[in-house]
């Protein structure tokens, strides 16, 4: 292992019970963090504590358990909002990034996007930032266009600015690509989009877990992220929306909690963010997300980022030595998130993943929910290794050894 | 405590860590089960085990953790489907009942309900089975009408049949009222609705946790329920849909997992039920729900029901002795779920709940997300005690003592 | 503090015999608020008296003993005071008025509903009559 | 079984030099399937020969070594056999053909994709030509 860890990885690893597990007799080398991260015991214990001590429905209870659950739920909202530079009223709890973009599609898009309008997304998006807009545009008779990419896998600004001239109603793009790792200059893009009169939604699924995010300085209108990719539980995530926008939106789901009064012929709505949180919310996992935020905050997001940049740098230089290795994405580690997509000669990513699994190494293989990008890259699939706080140089070493082995098996 | 428990309540209680907790120095008497139930350690441990041993994203992973998570997730779907008499392909995992009704609103309703159509719901519904239809009807220019109630708090069949003659497109009603406890004759109502050519959606939030449910013999088209009300985690629930209906519906959320192929100008959809499960699903809580289903199955749903009927019977006779007590709902315990709504003279339910809380007793007070029903009952709020498997006669005795105390404080 | 203390004679008395309960025929200020979580509702009406004072005041609504007693006691306290006085009324004043009951977070909202309605109404009036006033900012 | 065993010479050879890869100019049967989870795709075409046999057969597609080798080996096995033979092909036959590699559940789908396409195509053909046949139920 190389020196100069900015994070104390050994200590961090001790917090993650799953890292003690053996996979096929080998130490688990978990490099599928862009799909979902592992959870520290602090998060697992927060769930256990909730269910063992104060489980109750929230907001409408006068009894002690209900008050405790409500307080913890709202405290978690406050923590999570603060973590991304928002106020609690601007943070809607959702299942994850996908529900967040779909919420915006239904509650904002169905109201504000009209026939003939233009919606922009980019060629590097995850399906969750494409398909909702396809469905919206189809439903409304609007047009969806894709901002192109440069050969170095960054966003093509000329394409972006050209399309902005057509006056889009909505511009959707990712903060950090889950395939290429490309980090977009969100504040510059949002400023331009705002000047062009467009509303912006940023997919932060691969950013919030890996770097300091401040929605205020980014200047976006909406920002979406998933808890399970940031050490939190599955089933919870967040949608930030500018207060004024949230206020003027239609509700999304109808039901309990989101209403003020229900009459036979109409209903009136609760204040934001509750207007968008119909029914019993995912109480335990919201509280678990709060624990994950505490964990990341204690580590320091700048350190987390620094750690991943170092790992990336090491990985890029080490893996380049493997025969047949080809990387997809910006080559400069400081311009990209901790995501490394690659292929190895004609070894199909699924075969590669099977061979690596035998070594206890978990990577992802496939289209990564980014089929348009795969077509742009002219591949049917890639392999992807992605990092988080418990990964270290030894994981990269294990990956390299695994790739060498695959090369030998495939006689490259 | 009276004899003849059909369930071994002492043994069951030992499974629920929260029941060892003291509230304000008193034993916790948890009677807010219609809002959410407590969780046995088997469910809490299933979550812990998932996060500590095989947490991973599902369906697209070739590595060992991914395969284990996928297997557990699908095994849980199978268990849960079997529990309600459905096949796995007919069970969509959702956040809860509210997301289920809203999914039907968007994915079925927006496609099949047309201008001028009629949608029926009833006066005893939870807001989650009213507001989505209000929003749908408003959007489509359709009409929403309410089936009335009889003075004994049962559904008015004459009103139901009269409205059926108007040829509704959709009929939505609850299996069991969360306020009155009234159990509707779902199979008779569905048969009539089907004859009238209507699609049916049944709110099973208060039925699945408390009695054996078989969607096949009920004959409904859609059936919705919440995991957190049946000993499962928050954030998970189910929507059953007849296969043919699910097939012809539009997708709901767009994103990963629900697609087959994504092109720039259109996308194609995955098979049911995946078509409706966009993005990273709530993996851990689905598995937790499977553990809850195992727990209930081991107890036996007929025994659970029998236990609650006995408790109800005892409670109705004991509480009737309290000065000022007034019950809302059918008087025959065999015709009602384990839900007991009441008021005590002019003691407001919130004041009552505060006084009971001091005795460690958790009940619900308020409109129970059923404002139209409150108006029909001509009350602004009620108190509600509701039972589950760990409740026993001693909890009813504690409630009675608490009510007597409240009566004394309020000088009734 | 036990609930027997919270629901002392005073609060029960105001709950069962609310002072200033009802509607004014003529009024200058009217405000309404409800608590979406519990459904409690309070309306208030004020007839402005000489020198921008609270001449007459009545409230109505439905809710628990705490919210109704609190609203009622507040109208008594407010009657005859300067409108400006309302700006200074604090949570603590309300708690004191109620005898400092120990209330959980959800019941605190009940206790403060009346104050919220009073402030909403009076602030609105002062804002709208800003020009008529002596030049000082009524919202300050 | 280690992956070195799974990816033995045989499978790599069929992956890199797939037999019967390509398209037929004339064919009676055509079928396609893809695995939505991994994106693997297989197409197959068959020209029916004398006595309802598999005269010519070709496949194309993209995917991993296992799915493509499996599809290719299957076309070799199928060539010249009666169409009815396809009804009897089982998972076990495919695994045997591949040398019984130990595959996790997700990779089993890769191994069986070719068989699924073959069956889809042949069953469809037999169904459509039910009247022409000898009266036995082709789907039985």
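Per-chain residue numbering starts at 1, and chain names A, B, C and D are given in the order in which the chains are listed.
Simple rule for what comes next: contacts are C-beta pairs under 8 Å (C-beta built on N, C-alpha and C of every residue); 3 or more make two chains touch, one makes a residue touch a chain.
Bear in mind the structure is a predicted one, so any value in this text is a computation, not a measurement.
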Target subunit D, source subunit C, minimum contact steps: 2
Longest centre-to-centre distance from subunit A, chain (CA-based): C
Cα-centroid distance, subunit B relative to subunit C, in whole angstrom: 39
Between subunit A and subunit B, centroid-to-centroid distance (C-alpha), Å: 31
Whole-Å gap separating subunit A and subunit C, where each centre is the average of the chain's CA atoms: 47
Residues within subunit B bordering two or more other chains: 60-62, 64, 66, 259, 261, 350, 354, 357, 365-366, 371
Subunit C, residues touching no fewer than two other chains: 37-38, 104, 107
Residues of subunit A that touch subunit C when the two form their complex: 59-62, 64, 66-67, 70-71, 259-261, 270-271, 274
Subunit D to subunit B touching residues, read off their complex: 34, 36-38, 104-107
Contact set on subunit C toward subunit B in their complex: 2-4, 6-7, 12, 16, 37-40, 62-66, 104, 107, 110
Of all residues in subunit A, those that touch subunit B in their complex: 17-18, 21, 23-24, 28, 30, 32, 35-36, 38-39, 43-44, 47-48, 51-57, 60-66, 95-99, 101-102, 105-106, 126-128, 130-132, 134-135, 138, 144, 146, 226, 228, 233-236, 251-259, 261-267, 278-285, 350, 353-354, 356-357, 361-366, 369, 371-372
Subunit C contact footprint on subunit B (complex, rising order): 346-351, 354-355, 357-358, 365-367, 371, 374, 380-381, 406, 409-411
